[in-house]
Every structure is written in C-alpha cells, then in structure tokens.
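Order of writing sets the labels: A, B and C. Residues in every chain begin at 1.
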Amino acid sequence: MIDGHAPLSRAGKKSTSENPIIIQAGHLTTTRAATVKSLLLASGALLWLLVFLVLPGLIVAALAFASRGDYGQVLWTFGWDNFVRLAGWGIFGWSADYLIIIARSLLLAGTCTILALLLALPVAFFIANQPIRWRYLLLALVTIPFCTNLVIRTYGWILLCSNQMPPAKFAAWLGWIDDGTGLAPSAFAVTIGMVNAILPFAVLPLYPSIERLDWSLVEAARDNYASRWRTFRHAILPQISPGLISASILTFIPSIGMFVVSDLLGGAKYMLLGNLIQQQFGASRDWPFGAAICVVLIIMTLIGLWLMGRRGREAL
Amino acid sequence: MIRRQHWSLPLLGWATLGFLYLPLLAVAVCSVNDSRLLGEWHGFTWQWYERLFVDLKDNRVDSTALFAATRNTIGLAVISTFISTILGTMLAFGLRGRWPKPLTAPVMAVVMLPVITPDIILAAAMVALRQVWSLFDTGFFTMVIGHVTFQVSFVALVVHARLSHISAAQEEAARDLYASHWGVIMRVMLPQVTTAIVAGAMLAFTLSLDDFVISFFTASPQSTTLPLLIQASIRRGISPEIHALSTLILFATVALVLGVTHLTRPRPTE
Amino acid sequence: MTKSDGTSVSVHAISKRFATTEVLRQVSLTLPRGIFATLLGPSGCGKTTLLRIIAGLEIADTGTVHVSGQDVTTVPAHRRPVNTVFQQYALFPHLSVWENVAFGLRSRRMPEADITTRSNRVMEMLHIGELAERRPDQLSGGQRQRVAVARALVNEPEVLLLDEPLSALDAKLRYDVQVELRRLQRQLGTTFLLVTHDQDEALSVSDVVMVMNHGRIVQQGSPREIYDYPTSRFVADFLGAANLIPVNSVNGNQANTVCGHLHLDKTPTWNTGTLAIRPERILVHSQAPSHNGFSGIIRDAIFRGDHVDLHVECAHLTLRVRAPTTSVCGVGNRIYLELPTTALLVLDD
C-alpha cells in the first residue's frame, strides 16, 4: 500500500523534480521556498547596494567617456579624451603633471603600507606576548584612535608640525628646514599623518595570526642554529603571511584614495589622486574628467588587490 | 603563554602606541593652554571650551553653526546606523541560507564592494547619481543614503562572521527539542548574535561619525557635520576654539567606544 | 496502517539519495517498545541519515516512518515524540547546563514548577546536578555527553536516538558510559536507538543489533545471533574479524577448499561460496587431528597477554587463530589446526 510511493505528495506542499521538498535546519520547506527566503532577507541590502553603489558606479564609468561643456555641464559625447588628458596630452601639448600625481599616489600608498606593516609587526608581537587580560586592553588601545575622527587626528599633526612647536624647532636647529618654517605642509608630514591613520588597519588583522603562531616551529629552527633572520623567514613568516596580506590590503586601499590628510598636511602643490578627484568634482566642475580619474583609481586598486591576492595564494 | 621577549619589543610596542596617541594628545594639551600661541605653556584654562558655547566677536567657531553641525552629525549617525543595522543583519541571515550556485559569487562581490572601494569613489558615485537623478541633490537625505551604503556591508560582515560560528546542528537540536521556526531564531540564533549586531551597529556608528569624504560631497550648507565644520575652520587657520571642539569630540568618541566595549565584553563565565 | 501498541518505531521501505549517491536503499525496521537497539555499520553506510530521517531532520525520497503507531513521515521534527543526542552534542553554548536541559520543556510551555522538577530529576539521574550553572564550554567531553543525553531524555520521548554519542570519549570513559546508558534505558524503559561503528559497543549494550552496509540493513538479531550466526561475508568479517574460507565445490556435506576437505553439519544451498570461522573457535594441535584438520606454518605470533594471535599459512590461505598461551607457537613451525564442524558457518554469499 505504501511501498515506494513519494511520501511528500501528502505534505501539503507540492513536490516536483525541479522543486523537491527538503528539510533545512529542521525546517520543512522546498528548495525554491528556501532560496526565496534567503533572497528576500538579503534583498533589502542588495537592492540598496545595487541602486546606490553599482548603478552610480556604472554612471561614473559612463561619465568618464563624456565631456565637459563650457559651463561645467556634462555633454554625453563618447570619447577617450579624458584618459588622453590624464596621460598628459592637454591643449598646451604634453606634460607629465597628471602622471606625476598618479606615480606619487602609488609611491606614497606603497611607502605608507610598508611603514605601517613594519610598525605593526613589533606591536602585534608585543601584544601577543602579554598575559591574556592585558592583551584585550592593549588591543582596545590600538582600536580607540582608529575610532576617532581622521580630520581631528590630522589636525593634531598640523599642531605638532607647526613652526612654533618643538619638533619643527629641533629640525631647524639640525638645519633640515629653514628657521621659522613648519614641518607641514610637506610630503614628510603627509607620510607621517597617513601612517598614523592606517596603522590600526595593519595591527588588527595581523594580530590574530600572530597570537595563533606555533612557537614550536620557531624553537625547532632555533635548535638548528638558524640565524634570527632565517628563523623569521622560514618559521614565522609562512605562518603569519595570511595576516600580513590582509593587513597590506586593508592599509593600501585607504592610502591610495586618501585625500583628507594630503589636503590638510600636503599644501596646495602636493596633489594626490584623491585631491585631484575632489578638485574635479568640486571647484573645477569637470565631472567627466573626475570620473575618468575615479576609473583609473579603481583599476589601480583592483590591480593591487589582484597582485596581493596572487602573492597570498603563492605564500599559502 | 608568555615567552621571554627581547628588551626592544616592549620598547617598540609602547613607542608605537605612543605614536598613535601623539596627535590626540597634542590637540588635548593645546585645548587647555591659556594662550593663542602654540609651543609655550601659559597655564591651564577652560576658556576655549566656554567660548564654544557663546557667540563672541573674535570667536573663530560660530556656536550656532556648531550646534547645528552637532545635531546633524548625531542625527545622521543615528538614522544611518539604524537603517544599516537592520539591512545588514537581514543580509547576514540571508547569506546563511540557501543560494542558487551561480548567484553566490556575484552577491559576495557586491557585498565586498563598499569595503574595498576607496571612499572618494563612493563619494564620486553619489555625485554621479545626483547628475542623473535630482532626487539625490545635496542634503541630509542624500547623506543618509551615502552613509548607509558604506555601513551596511560592515554590519553584514560582522554579523555573518558570528553566524558562521553557529553550527547547523544547533538549529536542528532546537527543532528536535520542539522549538518552532520562530523559537529557533529568538532562543538560539539571536541570543548568540546580539553582541555581534551591537558591535556591527557600533562600527557603523563610528564610521558615520568619522566620515568626512562622503559628507563633504553630499552635504548642503544646512546639513554640515562636525568633521566638515572642523575642516572648514582649519582651512581658515588653527585656533584654540578648534582644539577645544576637537577634544570634546575625541572624548565623546572614546566614551562611546569604551561604553560599548564594556556592554559587549565577553562575560567572565563564557 | 495500524500498529500494535508494542511498537515504538517502524520504518518502511525508506530510500534516500543525495545527488548521485544512493545512501539508503529500501530500509525497513521495527523497534518494539522499550528495546535497546543499535545500528552498526562502517563509516558512510548511511546510519546518520537513517537516524535523521526518523528524527525528522531529513526527508526520505520514498517510504514511511511511524512512531508509536502514528504516521510521522511528513511531520516536522518539532512535532515528533522523538529526541536526538547529536554526534557533536550540539549543546547551546549561550545557555547554562540547566537551561540546556530545560530547553525542550520550555518549548512546550510547561509550567515552571514541572520544568524544575523534571529537569532536576533527570540531571540527578545523570549525575550532573552540580554542573547546573556551568556553560557547555566549561565541561569535559564526558560531562557534555551527559548533558546532551539529559537534554533529550527530560522530554520523555517515545524513542531516544543517539548518534555515535561515545565516539569522542576515551576507551575507559566509553565503557563507563555504555554501562550507564544501559542502566538508564532499563530504568526508564524508553526505546533507545544507538548508532555506532564500534562492534564491541553494539554487542555489549544492545538487545538488538542491526548491521548496515551500503545503505541496507544486511542482518539483524540479538548480539549473540549476529555474532554466532552471521549470514554474510560482510557481517562475519565486520563483527570479530572471522576467517573466510572460499569453497570451490560441494559434495553432500563435504566442502572442498584450497587447504582440503571440510565436513559440514548441513548441506549448503550453493556449490561455490564461503565458509567462516572465528579465530577463537579454531583448535591448535601438534599432531594431525582425525577430523577437519588443516596443517599450516606459523607466519606471525602476537602475544596479547591472555592469548596469542597466530597467523597461520595453510596453502594459499592465511588463517587467524586465537591460541592459548600454553600452546607451542614458534614462528616458522608447522602446526595442525582443527576446524570443528559446529564452529563452521555457512554464509549465504
């Protein structure tokens, strides 16, 4: 009477071969109903991101190929003019100005990432070496500055770099800068301010991999009379490389697009991609050109991510 | 386990932590210095703080504008955090469920997008949106939209990370012990993710408070926020009133962070 | 379909496939009330899947499940009078031991007083009364296991399903818990269905053993029956590692094997097939026995304390023999084995 018949034709739900009835986490449902539920739950946020991020992103991409009218309005023509201009060809012939800005941005972001990692490593080792109750306190100490406003932190550096403060006076006494000038605006001030801003992004992802470190490998290396560097290279580095990679991604991304710090500490001549974009969308009102710079910035970010992701896979 | 450490490690550790706090300290110290000049200590004073709350002729920070900016900042943070926490939590629960295979990768990409995109690009995107759709002209409404856009993924990722630590067997055990579908959510899932939701909301809140770039591109003169106000004042020159205002904001942020950390701290028994 | 009052669980013709793998094939079983039954089988044979189908956590493609006479095939887990002890325990980490135990009663909105008395009683029974305020991560493996059992038993289910509850415990503790589970089951009279891949566990605790292989129940019966009279090569080998002797041809009650002729006490139904004999049923002699004797060379001798395990090579066959320590058993020596007629098992396949 019941041999071999499908039990669920009686389940009150229709079971078909494309839409079988399943039990998910103890809940009787069908594949389709379960999928619809996940989609519905996620739909609010996903739609939001589609409408306010993906769609505008596509508009930016489209804008990059448009051109600016005489009064700053957008003319929906299609052309590579903006990119050509970014590569240096302007109405007055070729100049390296924009390329220098791009190179400077990359160089600065790279330098800041490396400096932040170099500072973050000892901090993370130091924290991981403390008794447990201290570790959380110290990690909180790293997190707090990260939660404070970047404009205010940068302002702190403006104060510290001002010509009336001891650091500038000391530098002047050493003869590095002229008497009466401050340390800011300068590339040096921007670098310090940016390293300071991104340092927590380096410590926080690095810390877990250092806390989990298997020290027996390090001891084994030591037992084999490996030098300090070789011990680090072969016993420690492979273990912390996932942390190092996420730390470098998380520091590189904010550095490449940063414009608050360079705006306040770099002065008018020290332009980065971020400032250039801001200028186009603000004062110059050249949105298509600004959009083209955005496209280049995004492409550089993606290349950076891809490179680090590849290095990451190799390291693992 | 505590290992013997080289003497330079604590030194470097503390020095770097000091480096993190140096700018904050500089602002706080200058804010109570009884002098408009930097670099010389003229004794302790509260006068710069007092000046924030009254309109004086030579005051560099306009107190009416300050009140408006404070209201805008907090209003913006509260509203955007509220929306992004709800959307982000739902997204995290949705990601835990069943997905058609071909959709998984693109959906994860969209979720990661706000995290990996430099915020200047998010801001440019909001500007571009207003170019084609005048509803999103500068102002409070557009600022909320912009803030939620970058907050929502952070909330979702924090909550999702916690959710993925809850085994499916726990849900099944709850069902096996006669819990209804709703009961599983209320008695098993939510209690285990509340701290993550609070942490996500708090992250969203600080992200909003800290944001300068997106607000800069989407604010109208009436919807200026504190970071914008400070930046505008700094461009006009440094002044003790800005030190005082900045210090107040610093302390408010630290109090907020400590408060929430205290609320969400792991219980000693756990 | 009506069921007699004495039946706890009855599973009829259950089949289940995951994508392309057939995990269960037409499985049927019946558990009388108050019995301690075990599902025994190698890893991956479908034990957990069958248990989950009975619990309502998985759905069968075909077939029916009845619990105390009721058809529950399409009834969701939370409405079945069945409780499960999960393989990894799946305790709720955010709740205290007491709240974990009370969880099921809370779900059923029992009066608080009843919840307290019932929870406390079960926790006493399992000796976890003093752990009430702890959280699961503050417990040892054995304690967690008790909490998981208490959490299920407090609901007084018609049948308690246990999915390898002892696999995470060390040998000594496992033995203690086996004894205790047996005691609990007798005391409460609840039907227990235990899943295991450990044959000793199955033989020592249960009233009925069901041996599974490749999604089928291949034999079921009391531990004695299963052990003494396996009907298939798989069961003979899986329980107690019997020696399998291929038979080339049969002549009445006489079977011809590679090592010689063997007398059987019944005529097999096949002409070529397999005989089995347990290592401890083989007798060791220094001279050729009159009846059913093989001669062979000792290839290996492993001293086990109370006995010696010998690997004896007879023609192309290596037989495992469990010999008393008093027997002569130098490696390389020739000895004579007697395979008593009563100890020879004629397998079906």
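By definition in this document, contacts are C-beta pairs under 8 Å (C-beta built on N, C-alpha and C of every residue); 3 or more make two chains touch, one makes a residue touch a chain.
Note that the structure is predicted; figures quoted are calculated from it, not measured.
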Original post:
Which chains make contact with subunit A and with subunit B at once?
Top reply: C
Original post:
Comparing A-C against B-C, which pair counts more contacting C-beta pairs?
Top reply: B-C
Original post:
Whole-Å distance, subunit A centre to subunit B centre, using C-alpha means?
Top reply: 16
**OP:** Mind checking the centre-to-centre distance between subunit A and subunit C? Centres are C-alpha means, answer in whole Å.
**Re:** 56
**OP:** Provide the list of subunit A residues touching at least two other chains, using ranges where the numbers run on.
**Re:** 26-27
Original post:
Residues of subunit C touching 2+ other chains?
Top reply: 56-57, 76-78
Subject >> Shared-contact residues (touching 2 or more other chains) in subunit B >> reply: 172, 174-176
Original post:
For the complex, which residues does subunit C have touching subunit B?
Top reply: 55-57, 76-79, 82-84, 86-88, 90-94, 103-104, 106-108, 135, 137-138, 151-152, 155
Original post:
Which positions of subunit C touch subunit A when the two form their complex?
Top reply: 1, 12-13, 15, 56-64, 73-74, 76-78
Subject >> Sites on subunit A touched by subunit B in the complex >> reply: 24-27, 31, 34-35, 37-46, 48-50, 52-57, 59-60, 63, 74, 119-120, 122-123, 125-127, 129-131, 138, 140-145, 147-160, 162, 164-166, 169, 193, 196, 199-200, 215, 249, 253-254, 256-260, 264, 273-274, 277-278, 281, 287, 290-291, 294, 297-298, 301, 305
Subject >> subunit C partner contacts - residues on subunit B that touch it in the complex >> reply: 167, 169-170, 172-180, 183, 187-188, 191-192, 269-270
Subject >> subunit A residues within the subunit C interface of the complex >> reply: 1-8, 10-12, 21-23, 26-28
